[in-house]
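Same chain, two partners: chain A is paired with chain B first, then with chain C.
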Partner chain A sequence: MSKQRAAVIGTGQTKHTTKRLDVSMAGLCREAIDRALADAGVDWPDIDAVVLGKAPDLFEGVMMPELALADALGAPGKPLLRVHTAGSVGGSTANVAASLVQAGVHRRVLAVAFEKQSESNAMWALSIAPPFTMPVGAGAGGYFAPHVRSYIRRSGAPDHIGALVAVKDRRNGARNPYAHLHQPDITVDSVLSSTMLWDPIRYDETCPSSDGAAALVLADEAAADAARQPVAWLRATAMRTEPTTFAGRDQVNPQAGRDAAAALWTSAGIRDPLAEVDVAEIYVPFSWFEPMWLENLGFTEQGNGWRITESGDTELGGRLPVNPSGGVLSSNPIGASGLLRFAEAASQVMGRAGDCQVDGARTALGHAYGGGSQYFAMWVTSATKEW
Partner chain B sequence: MTAGPAPLQAPLDIGFDYTRSLGPVLGRFMAGLAARRIHGVRGSDGRVLVPPVEYDPSTAAPLTELVEVANEGTVVSWTWVSEPLADQPLARPFAWALIRLDGADTPMLHAVDAGPEDRVSTGMRVRARWAPEPAGRITDIECFEAIDKPGGSPAPGEIGEPVTMMTAPVQLRYTHTVSPEESHYLRGLAEGRLLGGRCPRCGKVYIPPRGACPTDGVPTVGEVELPDHGVITTFCIVNVPFLGQRITPPYVAAYVLLDGADIPFLHLVLGCRAEQVRMGMRVRAVWQPREQWGTTLHNIDHFEPTGEADAPFESYARHL
Partner chain C sequence: MTDDIAVVGFAQAPNVRRTHGTTNGVEMLVPVFKELLDGTGLSVADIGFWCSGSSDYLAGRAFSFIAAVDAIGAFPPINESHVEADAAWALYEAWVKIRTGEVDTALVYGFGKSSASELRRILSLQLDPYTVAPLWPDSVSIAGLQARLGIESGAWSQAEMASVVARGRAAAKHNPYAQLAGEYTVAELLAEPHLADPLRKHDCAPITDGAAAIVLASASRAPELCARPAWITGMAHRVESGQLGARELARSPSTATAAEVALGGRSGVDMAELHAPFSHQELLLRQAIGLSERVTVNPSGGALCGNPMFSAGLERIGQAAARVHSGAADRVLAHATSGPVLQQNLVCVMEGRDS
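Let's look at the complex of A and B:
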C-alpha cells in the first residue's frame, strides 16, 4: 500500500483560557483557523476539504456543531467531515485529514478542533449515572484515578513522580504564550501540598478547564514544496481502539495504545524511539500519565517510565523532552487538546515552537488518547522529506 | 438468551443550562431585539442576510456591517403545525413560515400566529409581535402575525450595549432500556442474588452478563451465581464535589471483583476510614433492608471490609 507524501504546512491556536466570553464558538474556531492559514501562507480558495474534531456533544449541548459552524469553517462547497473519538478527537482529526491527502483525494485539507468548556460542565456531563447502576462516577479524574493507583502499585514508583511531571509541564507552559496556565514558580512541594481531588490525583496534577481551538493545514508534496516556510513531513500515523471494559483489560498499559505505537514505529522505520525521537507531545491530562504513556508508547519497558521522568530526561534539554508546550496540564480545551499535541509536534520540526523549541528537533511525536483509554491516535513528524 | 420477561426500562432525564457567548455580530443583533429592531448583516456579495451570520456563507470572510431591516415582511413559504409541541413559540395551531423581511435578501424561519390554517398563504404580509418586555433574547420576537391585524407595534427604542451571553437550557428525556441479559441480572438482584454469565468461547465470567462478550462477540450463557464478597482491585477517594453528584464526598469508589468473577464493577466502600482502604482488601456486600430491594445494584448499599487477610497482588493483578 503506497501513500502519497503529506506535510503540515501551517498551524494555529488560540490563547487558551478559562472563559472566552468575547467570541462565539465560530469566532473561537476562526481565530485558530486564521492563524493556521496565515502560517501556511494559503487562503480559503486553497483549501479543498475541512475536518472538524469536537468532544462529545453533551459538553456544549450543541448537536452536530459541524452544521452550525459550516460557514465559519469555510466549508460550503467543500467536503466537511466530523470526527468523534472523545478526548483523543483532535489527534484523530489530524490523522483523518492526513489520510485525505495521503490517499491522493485532496491537495490541502484544513483540520480544526475546539472546546468551549465555559459554556458547559464537563464534570457533570461525564458523571451521568444510567439507571440501575451505582452513581459513584466522578468525571474523568474519578475514572482515571484508580488506574493511576494501579500504576503506582505495579511499578513501585515513588509518590513524587506525579508532582515532578506537573512542575515540568507547568513551567514549560509558562514559556508558551498560548498556554492557559502560566505557573513559572510552581514547585514539587507546592504540588504535593495541593488539594487531593481524586486520591491519588491532586489538584495541581490535573489539567485545567479551557476554552480554546487549534487548526492545521495538511498538504500534499507539491503544495508542501511550494510553502514559503519549513513544513513538517508526516513520517507515520497510527490509530487503534479497544472496548471500555472486558475481562482482563489492562487499564494501565492498554493493548490499543501498545498496538498503535508498535504500528507507528514500524511504519516510521524507528527501532529505538527513545534514541530516535527528539521531542514528544503526549496527552497527559493527569500528571501520572506521562510515565504510563512512556511505557505504553514503548520508550521504555513496562515499569520503568517513572525512571525516565525522575531522571529529568523528559525536561526541556533532556534526552526526550515531553510536552515542551506545557501539554494538556497547561491547557485543556478538550476537543482541541489532541490536535494541539499534533500541531506542537509539527511546530517543533518546523522550527516554529518559539520559547518551547527543542534545539535541532527533526523527529517529533504527537499523541492523543480518549474515552476510558479506548482511543489512541499518534503521528511522527519529520523536518525532512526523507529520513 | 431464551425469550423471557421484557427488558427492564427506567427514565433517564438529564438537563443543563448551557451558556452561549454570542460574539460581536450576534451580540449586536440581540441588543437590537431588546430595542424592537431587527438587523441583518451585509454579505460579501452585498446581500442582507437575516438573521445575521458571523462569516460569509460563500467566501467565509468575517462579516461586520449590520443593516437594520423592517419588522414586517412577506411569507415565502410555510407549513402548518396543527398540534404544537411543548416549548414551541405558540400553544395553539400555527404556521412555521419562511419570512423575508422588507430590506432583507434571505428569509428567516419563524412562527406565524394566523388563526385558522386557511388564513395563511404564500405572499401573506406579516409583522413581528414583540414580547411585552424585550430583553435581548431571540424570544423577544414572540411570533409574526398578519399585518392587517389591529394594534401595530410599539415604537422601537434606543439600542444598548451588545448582549454578550445567553442561556440555552437543554433537557433530554430518555427511556433507558437494558439488555435481556442485564435484565436477568437485575431481577436476580431484586431477590438478593448476584447473577453472572459465562462466555462460551473464552470462559470468562461477566457480571452483569453480556449480550456480547467484548472479546468474542457472542452472548454470555448460563447463570453463574456469585457470592456477595470479593476483593478491591483498585480504587480512588473522591474528595471533589460537583454538579449532579449523588453521594456526598469524601467517598471511596472501588472496583470490586467478586470471588469467581472475571471483571470488577464500581461500588462504594464504607465501614472503615477512607485512608484505610487498600488494593487487595477483602470486602463483603452490605445490603439494604430486604423491603427496599428493587431491580438495581442500589440493593447493595455499600461494601465493607471483612477483616480477612488481604488478597495477594498476583491474585488480582490481571484485573487492573
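Let's look at the complex of A and C:
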C-alpha cells in the first residue's frame, strides 16, 4: 500500500469569545466551515466526507452532537466520522481526515472541530466522580500546576519564563482578528502581578474559556494542484497515547509526546527540528508548557527549552516563532483548539496568516495534546510538494 | 490484491443484562484482548494502530475511553485514536489507516455498560438540543413511530416483526454469548402486550453490557495470523439528516447507498449480520440492502438477543467474519448503525479465499 499525497487547501475559523450567544452550535460550525470552503475555493458538492471532532459531549450536554448537526455539517448522503481524543481531538480530527485522503478513499475531506462551552458547564463535566476512580479534585490548572512546578525545579528555569510566554502569546493574539483575547499592552510586570491561581500558574498565564470552531479542507494531489491559491502539503502526521497513571510515568516530559515527535520528524525527514522548522503552533494552555513542549518535541535538549523562550527565539521574527496566532493562551474553544493549531500551521506555509504571518515560512508544525498529557497529535506542513 | 485488508481475529464479552465493573469497560475488555491476542499470536507491541468506539454519555463521565486504555497496558505508548460512535466506525478508521501504508495491523474495540444508566432516556440527548431533546422523546417511542409508519404504508406487519424475533431468539440458542434465546411462536409473541405501540418488549433490543474487539491485518500479514482471513472487499458508511421530520423513516437511503458501494456491483452474499435494535428495522434493512430470501440473516440472533451499545455494530462484523474464518460462509455482509432510528449506517462486505 502506498500513501497518497494530501494537502490543506483552505482553512476557516470563527471569532472566538466567551459566549457566542448570536449563533447555535450549528451556526458556530457553519461560520468556520463557510470560511474554509471559501478559502479553499470549493463548494459542498466537492466535499466527499466530513470528520467532526470535539472534546467531551458533556461540555455542551449533547450526546454525539454530530448527529443532530448533520445538516449543518453538509453531511447527509456522505460519510461522517466523529473523533474524540480529549484535548488533542482537534489535531486527531485533522490527522484522521488526512488519512482518508492519504489512503486514497476520498478526494476532498472537510475537517471540523468546535466547542461551545457556554451551552453547558465544563467544570461540571470534568467534576463528575465515577465510581472506583480517585477524584482529581482540581480543574485543569490544578492538575497541571505540579507538573509545571516540577519542570521549574528540574530545569532550573527562572521564575519569569512563564510570564514571557504569556506576554508573547497575548501580544501575538492582538494581531489575530479571530482571537478571543486582545491584550496588546500586556507586560511581564502585569502578568507577574496577576493573581496566583495554582502556584506557580498565575491568572494571566492561563487560557480563556472560549466558544469557537475551526475547519479545514484536505485534498488529494490532483485537487490540490487545481487550487487557485497556495496550499499546505502534508509532510508527516503522528499520534501517540500512554496510560494516565502508572509507576514511573513522567508527566513533565511524557514518553507518548517524545515518541510522537520522534515518529513525526523521522517521517518528515527532519533531522534538526530547530533548524528546519520555520514556525510552530504548539498547544500551550498554560504558559509554562511552551518550554516544556519545546523539550518534549525535541527542539532542544531536556532542560533547555526555557533558554530559547528567554532569548526571544520564539517571538515573531525569532529563530522559531511559536504560536504567532496567539495560541491557546489567546483562544481556547477546547475541542477546536487542536485543529486551530493545525490550521494555523497550514495558513503559515500558505502565506495566508495575515498580520501573524512569519516571513518566508515553508515548514510548520501543528501540535495538540490532551487529557492529563497522555494524548498527542501533530503534523508538519510544507509550502512545497517536494522537500 | 496487495491493498487488501482482512479481519483476522474477533473476540467478545458475553452479552449480559448487568456487569459489576466500571463504565470504562476495562473489566470486560481485559479478557477480550487476551483471547484475541492469544488467538492471533500477537502481543500489544505488535499492534500498529489501536482505535476504539465508546460514549462518554453512556459511561456517565468525560473521557471514559482514556480510562479504557488501562485495559491495554499501553506502555511503551501506542498509536491510537477513538471515535464517539459504535466501534464499527473505529474499524473503518483503522481500515483507512492500514490503507495509508503506515501500519499493517490494527486492533479495534468497543465497549458499553448500558446497565449503569437509563438507556432510552440517555439516547434522547442525541436529538436536536434546541427543539427536540428538551421534550425528552425516548428511543423506544421514536422507534415505535418508525414501526407504525412501516405498518401503515404496508412495508411490514406486526406478524412479520414477531417472526423476526422468533427466528432471532431460536438462532441465538447456538450463540453462547447471547443474552436472550429460546423457542417462541409468532402467536405467543403477538399475545404479549405492547410496550410502545406497535412495539412489544421483544421487538426491542434488551439492555446489555458488553465489549468486542477485532484485529485487522494487511495482505502481507493476514495469512500468517489467520488460517482463513475474512478479506474486506468493500466498506462504506453514510449519514442522514438529524431532523426526524426531514427523513423517510420507513426507508433507509443511507444503508442502501452504503451497501451499493460496499457490495461493488456483486450483490450475492451467503449470510448477513444486521444491526437492528428493533425487529422492524431488520425487515427495513433487509429491503434497503436488497438481500434475497435465500440469505441467512443474523445467525447470531442479532441485536434483539443482545445489544451492547457501542460494540454491537462491531460485533456484527466480528460475527460475520467468524463464519468466514470457520469456513461456514464464503461471502458475508455486516451492517452497523448509529444514531436515532438508523440515522447513520455502515456496511462491510467480507469474503474467504481458498487457493
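Quick notes on this structure:
In the analysis below, the second predicted complex is superposed on the first by the 378 of 387 C-alpha atoms of A that agree within 3 Å, B and C clash if a C-alpha of one lies under 4 Å from a C-alpha of the other, contacts with A are read in each partner's own complex, and residues count from 1 in each chain.
We adopt the following convention: contacts are C-beta pairs under 8 Å (C-beta built on N, C-alpha and C of every residue); 3 or more make two chains touch, one makes a residue touch a chain.
On a predicted model such as this, the values are computed, not experimentally measured, just so you know.
Shared-chain residue A:199: touches chain B; no touch with chain C.
Using the contact criterion defined above for the overlaid structures, shared-chain residue A:246 touches chain B and also reaches chain C.
Legend: residue contacts after superposition of the two complexes on their common chain; A:118 is shown touching chain B, with no touch to chain C. Contact with both chain B and chain C is seen for A:133 once the two complexes are overlaid on the shared chain.
When the two structures are aligned on the shared chain, A:3 is found in touch with chain C, with no touch to chain B.
In the superposed model, A:96 lies in contact with chain C only, and not with chain B.
Once chain A of one complex is fitted onto chain A of the other, the partner contacts of A:40 are absent, as it touches neither chain B nor chain C.
In the superposition on chain A, contact of A:264 is made with neither chain B nor chain C.
By the touch criterion defined above, A:84 reaches chain C but does not reach chain B.
Touching of chain A by both chain B and chain C, each in its own complex, is seen for residues 24-25, 60-62, 71, 76-77, 119, 125, 128, 130-133, 243, 246.
For chain C in complex with chain A, the touching residues are 2-3, 22-24, 50, 55-57, 59-67, 69-70, 72-85, 89, 92-93, 96-102, 122-123, 125-130, 132-133, 218, 236-243, 246, 253-254, 257, 338-340, 343-344.
Here chain B touches chain A in the complex through residues 8, 10-12, 14, 16, 18-24, 26, 53-60, 62, 164-165, 168, 170, 176, 178, 182, 186, 199, 202, 204-206, 213-215, 233-240, 242-247, 251, 253-255, 262-263, 265-268, 274, 279, 295-298, 300, 313, 317-320, going by the rule given at the top.
Per the touch definition, chain A reaches chain C in the complex via residues 1-4, 24-25, 55-65, 67-71, 75-86, 92, 95-96, 99-100, 102-105, 119, 125-126, 128, 130-133, 238-244, 246, 254-256, 259-260, 263, 371, 374-375. Only residues 20-27, 30, 44, 60-62, 71-74, 76-77, 116, 118-121, 123-125, 127-139, 141-142, 145-147, 149-150, 153-154, 195-201, 243, 245-248, 250-252 of chain A touch chain B when the two sit together in their complex.
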